[in-house]
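Two complexes come next, and they have one chain in common, chain A, joined by chain B in the first and chain C in the second.
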Partner chain A sequence: MIGLMQRVSFRSLIIGSYIFLLAPLICVVVVSFNAEPVQQFPPRSWSLRWYAHALQLESFRNGAVISFALAVAAGLLATPIGVLAAIGLHRSHWRGKSALEAIFLAPLIVPGIVTGISLLIALAALDVREAPLRLLLGHTVAILPYSIRTVLASLARLDPALEEAAETLGASGLRSFRYILLPLIRPGILAGLVFGLILSFDDVSVSLFLVDARTTTLPLAIMSYLEYSFDPSIAAISSMLIAVTLGLAVLLERSFGLKRLLAG
Partner chain B sequence: MSALRRSPALLMLPACLLVTGCLLLPIAYLIGLSFNPPVVGEVELTTTLTLRNYARLLDWFYASVLLKTLWVSIVTTAISAVLGIALALSLWRTPAQWRGLLVVVVLAPLLVSIVARTFGWMLLLGDAGIINNALIGLGVIREPLHMMFTQGAVIVGLVHVFLPFMVLSVLAAFDRIDPAIPEAADTLGAGPFTIFWQVILPLLNPGVAAGVTIVFSLAMSSYVTPALMGGSSAGVLTTLVYQQLVVTYDWHFGAALVAVLLATTLVILGSVLYANAVRTARWMGRR
Partner chain C sequence: MAHVQLSDLSKRYGVFQAVETVSMEVQSGEFLTLLGPSGCGKTTTLRMVAGLVPPTTGTVRIDGRDVTALSAAQRGIGMVFQSLALFPHMTVTENVAFGLKMRRVAPAEIARRVRSLLEIVRLAHLADRYPNQLSGGQQQRVALARALVIEPSILILDEPFGALDRKLREAMQVELRQITRDLHITALFVTHDQEEALMLSDLVAVMNQGRVEQLGTPQEVFRAPRTRFVADFMGVTNFLKGRWSGGVLLAGGGALPGPLQQVGADGSTVELAIRPEEVLLQPGAEATTGALTAAVLQAVYHGTSTSYTLRLPDGQTLMSREPNDGASGYAPLRFSAGDAVTARWRPEAVHLLQS
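Now for the complex of A and B:
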């Protein structure tokens, strides 16, 4: 009897947790199809008008363009740097290695808001006040650890005999890198890149202090829109973000494994 | 390339320069600035050292913000730990063909924009929100419950945002448990309750400790959720920093607040890892 009660209460805790995790996301998506200007659940009539409205808003459009360009630029900058660092870490066997590893993972430990503020102040002291440059540097350093970790995970699974065989058969270092190593670690590189794109596109904490009045990212544009209006266009833009990220999440799960990617 | 093969240090040089130049040196500069006397709008480092910025933290208003931040983070971490262990336990016992799907359901929200997720809670908890409408519609209450813009709302939002991190850490610890161990306890006559508290939970220690440190430091430094769901009364450290840097331009005091935030995070992180190492060492010694 006690065992049954325990099992029932455990079950309801678990089901409650799943509802807790999913409810806000589902509400956002449902409300986005509401035809009325007031947030109503469930909506009385349905429409796509808030999607049209969100897509026409100047601040959302500018924000989306800037966030997209920023994510791509930071991803393309961080990925090669991260790949080289991971290969270097994988190949070095000296004592300072763990110290270097700690330095590379530092952007994970330092809160994003601290990264943003430090960069803002240091660059201001150097008289650099261009928001696009500040954002690019901040985002690149923030996503670097993910690229290093995913590539390191791929390298750890690699059979060292493969590269040695290539070398024995006379392949130069560059050829062996191009034809042996690169294809083998490609899933890790791509997973790191896609994850970096998502993180950069959704980032608020690093960007918060690095944006300026003319250069604002999409999440911050949404936040400032929320401050003075509460119509369902926020739900519409949020639903679009949810759709894109969940699509990428499925892609990452298929290609690399979400658990492995996030746990490192 | 063959030169690079022999010296992996060269391969790591760009990453080192990036992290040092864009993170470590700026943090050092910020800490330096926090010991300079406050001059509005000034960011040049000077040689005049002072503790004035830190002394301001003794002011009751600022001390209360710091305490409130700690309290919100501790409660968030505790709730996340309980729910996270329960969720990870149920995932661990789920048959393999369902587990992959459920793991994705738990982890995918991590990738969804934090602004979108916080907005979802604003829809649910508002005075004219979904929960209030449902309760009034069902006749449970007459007046809407005031849930938004309270400390409780911030905690709910933070638990939602950070719970997947906890599940992830605990799940990693579950994956390392040899299934023969709980089976052995079962054979020896231990009930499911005893097995969980006496056998499984101690083995989960490293994962729970990792999850607790991650969630705590993320909660301490979160901005979006307190700013959107907390209202003006539920100010935390990060919203105070934002005010100092963007509204009042007191960069020196802002730098001191950031230094406190960073130090708290690092101290908590270090002490949990240390306590865990000590406990593990003692446990190994007992055997």
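Now for the complex of A and C:
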């Protein structure tokens, strides 16, 4: 009897938590199909018109292109840096190692808004005024810790004798890296890249300080649209973002298992 | 296949002297084992030979050529690691082929050599498996095949059998010995297991605190240990202090059976070791030359043998161990505490230790 009650209450706790986490998302998706020009739950009539509207909006389209290009560019820039930094950190034994590691991972802990303001000041001091370049540098810094973190986790799982074995078999330096190290840490590298893509695409707080009138990202475009209108096109674009993110997460899970990657 | 010579090899990490001046030679086709407790410098010595650790001083020569400055990749040495270090993302075939691929051997030749090696280690039927799909013994054989396929000048093995259970370990030892003999390979082996060293090796180097205490054949280090450390490591439990007097060694209140070659002046002391199983007991205290009288302190029955702890007239203790074979296995114990006995042994059973 007690066992049954425990099980029931445990289940309801879990179900409750999931509802709490997912209900807003489900709401948004449902609202996005509303035919009326108001955000209303549940909708009285259904339509895909707000999807069409969202896809036609100049600011959303530009924002999506910029956000996408920015995420890919920042991801491709941060990943090699992250891999090399992680390998360097993993191998070094000098005393400053942990301090360096903390600095590399700092953007994880520092609030995004602080990173954004710091970047604004630093880039202004360096006279970097072009918004695309500022965004690229800012996003690269913001997602670098994820790349380093996931690669470090993969490296920590490796037997150090593997590289020595490769060396005794005639593979030194680059070839050992290419045939042994790289294939073994590839899951970590890809996981870091996918996290980076999602975070960059999703970012508001860092971008906020780095955009200009002509170059803005999708999340910021959505925010500024929201200031003037509150129609379901916001819900429509949000639903599309949810779909893309979900797709990436499923891909990640299928390829490597999210649990294993996050456990590192 | 190759002759290896280590001259004055040493390694220092900061203030810690891991290895101090090791010099030794391994003839072509010989199997040499570095034996010692953990931290004695045996693995560091091995890694210096492999080229994974640069020596602080000294040289490594292979077939007369100084290879000290060469990297591990350039030395052409096959190594089996303690953790085996099989490449987890490669199949058995790919693991074994790796060294040949790095040497840019033609693919057809690689396939042929990998197949022949896999047949030698009896793994041909598992060629497409991944390491995590293999048992411990099979993984061991992959590691061995991977190291051998490059036709190394020397095969180096760093405690490869540590993780195996006893039965599998013995099977692998026999197999390793057979393969190195068949292929006439010069092998350097590291272990802390005395029995493993004795059964595998042509030569055993017993190491302690970064030094080679004794280098010799298994029979030499087992039967004639030169230092207390080696004797202890080889399972000798009897140590006596003696004193020279006119060519006779006095210990335990009597003269030891001779003839013994006196080292040092009259009156100088010497430590000696005797295996317990060499000490033969007779009932009754009968002080003659070459025998010591003693009193039994304790008798312990071990099943296949019985051990007696004896007190000698000068207060030193001595162990005797008798096999319980044949009829004696069924008889009651020959002595009990308090009995007076006479202990004697063959002159060659006494090992004079260097201090």
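Keep this in mind: the second predicted complex is superposed on the first by the 235 of 264 C-alpha atoms of A that agree within 3 Å, B and C clash if a C-alpha of one lies under 4 Å from a C-alpha of the other, contacts with A are read in each partner's own complex, and residues count from 1 in each chain.
The rule is simple: contacts are C-beta pairs under 8 Å (C-beta built on N, C-alpha and C of every residue); 3 or more make two chains touch, one makes a residue touch a chain.
This is a predicted model, so every value here is computed, not measured.
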Three-chain arrangement built on chain A, chain B and chain C clash or fit: fit
Who touches more of chain A, chain B or chain C? B
Quick one: is A:V31 in contact with chain B, with chain C, with both, or with neither? Answer first, second, both or neither. first
Touched partner set for A:A131, first chain B, second chain C, both or neither: neither
First, second, both or neither for A:F10, with chain B first and chain C second: first
Go through the superposed model and pick first if A:V204 touches only chain B, second if only chain C, both, or neither. first
Output check: A:A166 vs chain B and chain C. Expected answer is one of first, second, both, neither. What do you get? second
Where does A:A191 make contact in the superposed view: on chain B (first), on chain C (second), on both, or on neither? neither
Quick check on the superposed pair: does A:Y179 touch chain B, chain C, both, or neither? Answer first, second, both or neither. second
Go through the superposed model and pick first if A:I242 touches only chain B, second if only chain C, both, or neither. first
In the superposed arrangement, which partner chain does A:I148 touch: chain B (first), chain C (second), both, or neither? first
In Å, how small is the closest CA gap from chain B to chain C once the two complexes are overlaid? 10
Do any residues of chain A touch both chain B and chain C, and if so, which are they? 172
Chain C partner contacts - residues on chain A that touch it in the complex: 159, 161-162, 164-172, 175, 179-180, 183-184
Which stretch or stretches of chain A touch chain B in the complex? 3, 6, 10, 13-14, 17-18, 20-25, 27-28, 31, 38-41, 81-82, 84-85, 87-92, 100, 103-104, 106-107, 109-115, 117-125, 137-138, 140-141, 144, 148, 172-174, 177, 198, 201-202, 204-205, 208-209, 219, 222-223, 226, 230, 234-235, 238-239, 241-242, 245-246, 248-250, 253, 258-259, 262-263
Complex interface listing, chain C residues touching chain A: 50-52, 71-73, 75-79, 81-89, 98-99, 102-103, 146-147, 150
What does chain B use to touch chain A in their complex? 1-2, 4-5, 8-12, 14-16, 18-20, 22-27, 29-30, 33, 43-45, 83, 86-87, 90, 100, 103-117, 119-124, 126, 128-130, 133, 160, 163-164, 168-169, 171-172, 191-193, 217-218, 220-224, 227-228, 238, 241-242, 245-246, 251, 254-255, 258, 261-262, 265-266, 269
